[in-house]
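All chains are identified by letter, namely A, B, C and D, in their written order; residue positions are counted from 1 within each chain.
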Amino acid sequence: MEKIKVGVLGASGYTGADLVRLALRHPAIDLTVLTANSHAGKPMRDVFKHFSHVDLPDLISIDDADWSSVDAVFCGLPHGTTQAIAQQIFRNDPKVKIVDMSADFRLRDPDVYKEWYGLDHVATEIQPEAVYGLTEHYRDEIAGARLIACPGCYPTAVLLSLLPLATAGLIDTTDIVIDAKSGVSGAGRGLKENTLFCEAGEGLSPYAVGKHRHMAEIEQEIGKASGRQDLRVNFTPHLIPMSRGELTTSYVRLEGGSTAADLKETLLTAYASDPFVTILDGETLPQTQMVRGSNYVATNVIPDRIPGRAIVISTLDNLVKGSAGQALQNFNLAFGLDETLGLEQLPLFP
Amino acid sequence: MEKIKVGVLGASGYTGADLVRLALRHPAIDLTVLTANSHAGKPMRDVFKHFSHVDLPDLISIDDADWSSVDAVFCGLPHGTTQAIAQQIFRNDPKVKIVDMSADFRLRDPDVYKEWYGLDHVATEIQPEAVYGLTEHYRDEIAGARLIACPGCYPTAVLLSLLPLATAGLIDTTDIVIDAKSGVSGAGRGLKENTLFCEAGEGLSPYAVGKHRHMAEIEQEIGKASGRQDLRVNFTPHLIPMSRGELTTSYVRLEGGSTAADLKETLLTAYASDPFVTILDGETLPQTQMVRGSNYVATNVIPDRIPGRAIVISTLDNLVKGSAGQALQNFNLAFGLDETLGLEQLPLFP
Amino acid sequence: MEKIKVGVLGASGYTGADLVRLALRHPAIDLTVLTANSHAGKPMRDVFKHFSHVDLPDLISIDDADWSSVDAVFCGLPHGTTQAIAQQIFRNDPKVKIVDMSADFRLRDPDVYKEWYGLDHVATEIQPEAVYGLTEHYRDEIAGARLIACPGCYPTAVLLSLLPLATAGLIDTTDIVIDAKSGVSGAGRGLKENTLFCEAGEGLSPYAVGKHRHMAEIEQEIGKASGRQDLRVNFTPHLIPMSRGELTTSYVRLEGGSTAADLKETLLTAYASDPFVTILDGETLPQTQMVRGSNYVATNVIPDRIPGRAIVISTLDNLVKGSAGQALQNFNLAFGLDETLGLEQLPLFP
Amino acid sequence: MEKIKVGVLGASGYTGADLVRLALRHPAIDLTVLTANSHAGKPMRDVFKHFSHVDLPDLISIDDADWSSVDAVFCGLPHGTTQAIAQQIFRNDPKVKIVDMSADFRLRDPDVYKEWYGLDHVATEIQPEAVYGLTEHYRDEIAGARLIACPGCYPTAVLLSLLPLATAGLIDTTDIVIDAKSGVSGAGRGLKENTLFCEAGEGLSPYAVGKHRHMAEIEQEIGKASGRQDLRVNFTPHLIPMSRGELTTSYVRLEGGSTAADLKETLLTAYASDPFVTILDGETLPQTQMVRGSNYVATNVIPDRIPGRAIVISTLDNLVKGSAGQALQNFNLAFGLDETLGLEQLPLFP
C-alpha cells in the first residue's frame, strides 16, 4: 500500500505531539512535514524528548511547507490562526484534506465564532464545507469531507453522552448543569503561571466559570439535536492536578416520564457498534484512569436521589479522543480506512 | 494559666493526627492521653513520622484511658464506635467535654442516623445534648455544650456557603445541585485499594453517587433553615489526586428575583465578623490552594450564564476546617477561649 | 498464522495487568488463561477497570488452569511462589515455555537466593535451565530457553548501562554507588500503608537502604562481567511520587585512563543495533518522561567534576522494559518472532 | 514590646512569600514594606491568593522603598541583584540589618562567586561583613551581624549532616558523592517549560549534573571544616514531582576506622541542644513527609553494605529551613530573640 503523506502543523504543542505519537505507528501514514514556527530548524527530539528514540523530519516554519507534497494535514495551531492557512490550502491544493484540531471551524455561524472568540472569521466562504468531526455522529459527512473541524475535548465528552438523549427527547435540554474536570494538559504547553507544577499541583481550581468557549459548541449541537435555538447550558470547568484526562458530570432533568434506565438503554443502542464508546456495566462509575492514553470514552447513567433527575458521567483522554485520537479516527474515515487504524492502544494504567 | 488536659481518641487516623498537630501548639492545651487501639504501646512518632521532632505520650488502648484525668476529649474514631464511649464518659465523668469528629451525633433524628449509617443509635438519650458544631452558625449552643458533634467536611463547605442564602429565602432549596471534590485524605488512612497512590494518582473518580452520607447532614440543616422537611439535594462527590483540600460547586436557582450579587451581599453580611470565613473579592474563584493547612474557608458567588441561576463555590482544608481545625475552634468556644487560639496558621502554598 | 496460546499467572497485579495490556494487541498471541486466586471467578474488568473496553477470559484459580492447553505462560506471581509451579509445568507440560517476571529463578546460586529471599529454593533441579532474561545480553540463550527469568526492574536499568563498561574494564567495579529512584507501582498493588496516596504523594523516601534484594542480581551480573566473585555494590533506592518510571544514577570511578567519552562510545557500540536502547545525544539527560508506557531505555554518561569519575544515568518504565515489556520481548525471541512485536508503542507524554 | 519593622524584597517569589507567611504570625514583626517590581501597585492577595484572608501592605517597587523606615530587610531577589541594594542600604541606613536569601553573599571569595555565577561581585567591600547563615554552625557570628547570607537549600541539608563529620575527621572529604532530590518549588515561580505541571509531573529528571552552583558553597564549607583548599565533591540534583521538600543522600567513605555508629553519635552530640535538628532513632529513614512546611531537618546515618562506607541522609523543606525559615531563625538571633520564635509550626502531613 502506498502510504498517505501527512503534515502536522503546530507539532510543538501537546496536541500536535500526541498526533505525531499516534501517526508514527499508523500503518498507512508517512509523516513528511512537521511545522512549529518558534522551533523551526530543530529536531523534534529537542522539543519533545520522548521522541528521542525515533527518526522524524526536522521542524520547519509553516511558510516553508510545501502543501502540494502532502495528502493531508492535521492542524494543531492556536485558534484564530488556522482559518487563513486552511483557506490557502483550499485554494491552492484542493486534493489536500484538512483535519483541524483547533476551534476555528467548529461553529457553523461566523457570528457565534466572533462572539466567543472575539475575532472576525476570515474564511467564511469555506466554513460551509467544514464538517463537525464528532465521529460517532457525523460519520457519513466526515467520509466525504475536505475540511474536518474536530470538536473540543469537553464537547466530545459531553455530546457523546448527551446527544442521543437530547435527540430522543428524554431530557429537558433547558435545564442541563455540566460540571467538568480536566487535567492540566488541556491548557496547552504555553508558559502560564497557573499551569506551573507548584500552582496546579496538590490543588483544584474552577476556571472560566460561565465563560468557557466550549459552551458554544455544546449549545450548538444540543440545540440542533433538540430543535432549540439559543439554547443555554450551564458548563463549569475545573482544573485537576493530573496531566491527562477529563470527566464531565452532567445533571439532567428527565422528560416525558423517562428514567435513568431509559437513558442508559438509549446510549447502549446508539453506540452498539461503535468501537470506542463504552457504556459501562451496572453502576460502574467512569473514571479517567479507565481511558488514559487511549481513544476510548466511558459513560454511564446513574439515577439521582431527587426523583425526575439523573446524572450522566463521561470520561475520555483529552489529548486522544478529545483531540489527536479523534482527529486520526476522522482521518481514517476520510481516507476510507478502518476507523480504528493506529488507535488500538489500550489505556495505560497505572 | 493552668492548662486544659486533653485526650485524643483515635490518634492514629489522619483526623486525630491533625488534631494532635494543632493541639501541640495550642497555648492552653496539655495533651495527656492519646489512644489508638491497633497501635497501643507505640510511640506516636512510629505511627506518624512527622512527630519525630516532638515528645508526646505513647499511644494507649481506649480501655486503658482514665477519663477522670482529662478535661476534654476529641474523638477521631470511626462512625458507629463513638456513641458508646461518649455515653460512658457522659455518665461517669460529667465534667469532661466531648468534641466528636465522627458522624455519630450529627443527625438529630436517630432514625435518620440508622437509615444512612445502617446502625442503631445506641446513645439516644444523650443525642439531644449534642450540638451540631458548625461553629459560625451554632456559636451560642457550642459555648455551653458538653457534647459537640462537628460536621462532616463536605457539609461544612456546603453549609457555610448556602445556609445564609437558604435562611434568607434567596435560593430554591428544592433545586440544589452540589458537585463536590475532595482530596484523598478524606477517605482516611485505612488500607483500601482505591486510595493507593497508583489508583488515585493521575486520575479522577466520582464515588458514592447518590449515596454519600454527608447528604443527610446537608439536608437536615438546609431543610431546617428553609423550613422544609424531607428536603432532598443532589450531592455528588469526586476523588481528586491531591492529599488535602475540598471544593464544592453548588448550582442554585435564584428565588424571589434575587441576583448573584444579592447572594454575595448576604454572605458578606453573615460572615462580616467571622475570623475564618473569607468571601472573596470580585470574581476571584475559590481554589483549594488558598486554604491548605489552614482553618480558613473561601467562598464566592458567580452569576450563571443561564438567567435566574448562580454558582456558589466554597473551599476548605478537609482535615482542618473540615475536621480537626473546626473541632479545636469549637473547643475554644466551649472553654471560653478566643476562637482563633491555636488556629492562626496561614495556608501553606505552594 | 496460528496464534500462540498464552496464559498469564497473577493477572491481578500491576505486572500481570501490563502484560495483558500488551499481549492483547500482540498479533501472534491468543490470551486464553488468566489466573488470580483471590479474584477467581471475576471478569478482568472488575479487577482492572481500564479493561472495560475489551473482552477477556474470566479470572480463574491457578489450580483450575490446564497448562496443556497453552504454549507459554507468563508468571507475575510474588517471589517464592513460582518455583513450585514452574517445576510442575516443567515436568508435565514440557512444550510450555515459561517467562517468569518474579525473582524466583534470577539468581543462579540457590544459596544466594536463600540468603536474600529467606526461602529454600524448591526447584533447584531446573534452575540451571533458567536463562537470565536481560534481553540485550542473553539473546542467544533466550532464543532456545524453556524457562526465562526476567530481571528485576532496577537491575535492568543498571545492568544495561553498566555491563558493557564492566566487561570492557573501563570502570572500577569495586567502587560503584547506585542511587536509584522508582515510581510507586514498583511496590505492587498489595495494600500497604506506605503506598497510600496520602503517604507516598508529595514526598520522597529512601527505603530498604543497604538491603534491597535487587542488589543480588546486580552483583551477580557485574561480578560475572568483571570476573570478580563476591562483588559488592552500593545500591540505594528511593520511592518517588509518580506511578511509573525508574531512574538510576550510577557514580563510577574510571579505570585504566578511560574517560566519560570512552564510556559513552562503548555503550553506543554495544547497543548500535538494539531497537529499545537509546544512548542519548550530547549531554541530554535521561528522564522518566522519555520512556513512560514504552519498552525503551534511555541512557547517557556525564563527566563528573571530580577527575577520574563519571555519572551514568539510565531510565525505563518499571512495568514495561522493567517487567512486562521485557518479558514480551523475551517471549518474541523464544518463539522466533521479531523482537519488537507488540512493543511498538511510543512513550506517552505528557 | 515594640515590634521590629521589616521589609521583604522580592515578595512575589516563593521564597519571599513563605517569609511573609511566617513573618505575619511572628509576634515581634511588623511587616511594613513588600516589594515586587513586576507587580508593583498590586495587593499581595492578587499575586498569592492564599493571602486572601489577611491584610498586607500593597506591593511597591524597590525604588519606592524607604529603607530608613525599617529595622531589617529580608531579600528574596534573584542572584546578581542583591549586592547593589545591600551596598546602598549598608551605606545609607547602617542600622538596618539585612537577611539575604539569595546567593549573592554566600561565597567568601569574589572570584569564586564570579566563576560560578558568571558575574563580577559589585559589593566586594561589604562581603567580609557577611556571615554565612548556617544557623547551627555560625550562631555567634550571626548574633552580631549586619549582613547574613543564608545558605542555599541544598547546602543547608548537606552541611548540617556532614560538617560535624568533616570537622571530626570521620569521613574522607575527597570522596563524597551527594545525590540530591528536590521538589519543584526550588526552581522558583518564573515561567519555565520544565516546571510546568505536565512536564515535571509524573516524572523524574536529573538536572545541572556536574554544574549546580550550590556545589560552591558545599565545597567552601566542607573544605574549611576539613582544612582542604580546592576540595571537590560530587553533587547531582534531581527534580522530583512534588512542590516542597528536599532530600540528600550522601555516600561517604569512613576514615580512621570510624563506623556509621560513630558518625551518628557525633551528630547526636553536635546537635543535642538544637531545636530544629532531629537525628532520627535507630534506622528510621528521613523522608520529606517528616518536615513539610516546618523548619525541622531530619537526619540519619545508615551503614553501607560495602565495608568502610556509610550513607548519610538528610531532609528539609526547601522553602522553610532551606530558605525563609532559616532566614527568620537568623533574624531572631540577630535581634536577640528566641531562635524558635515564629517557627513553631509542626510539619503538615499528609
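What we mean here is this: a contact is a pair of C-beta atoms (placed from the backbone, for glycine too) under 8 Å apart; a residue touches a chain by one contact, two chains touch by 3 or more.
Chain by chain, the UniProt names read as follows: A, B, C, D = N-acetyl-gamma-glutamyl-phosphate reductase.
Quick caveat, the model's predicted, so the values are computed rather than measured.
Undergrad: Tell me which has more C-beta contacts between its two chains, B-C or B-D.
TA: Looking at contacts between chains, B-D has the larger number.
Undergrad: Indicate the whole-number Å distance between the mean C-alpha point of chain B and the mean C-alpha point of chain D.
TA: The mean C-alpha positions of chain B and chain D differ by 36 Å.
Undergrad: Measuring centre to centre with CA averages, how many angstrom lie between chain A and chain B?
TA: Distance between chain centres, rounded to whole Å: 39 Å.
Undergrad: Return the distance between the CA-based centres of chain B and chain C, expressed in whole Å.
TA: 46
Undergrad: Multi-chain contacts in chain A: which residues touch at least two other chains?
TA: Counting only residues that touch two or more other chains, chain A contributes 14, 185, 198-199, 201-202, 241-244, 287, 289, 292, 350.
Undergrad: What topology does the chain contact graph adopt: line, ring, star, complete, or other?
TA: Its topology is that of a complete graph.
Undergrad: Quick one: in the complex, what on chain A touches chain C?
TA: Per the stated touch rule, the residues are 14, 17, 21, 24-25, 45, 48-54, 185, 201-202, 243-244, 276, 278, 280-281, 284, 287, 289-294, 296, 298, 344-350.
Undergrad: For the complex, give me every residue of chain A touching chain B.
TA: 177, 179, 181, 198-199, 201-207, 209-211, 215, 232-234, 236, 238, 240-245, 247, 249, 251, 283, 285-289, 292, 302-306, 309, 311, 313, 315, 350
Undergrad: Applying the document's contact rule, which stretches of chain B touch chain C when the two form their complex?
TA: Chain B reaches chain C through residues 14, 184-185, 189, 191-193, 195-202, 241-243.
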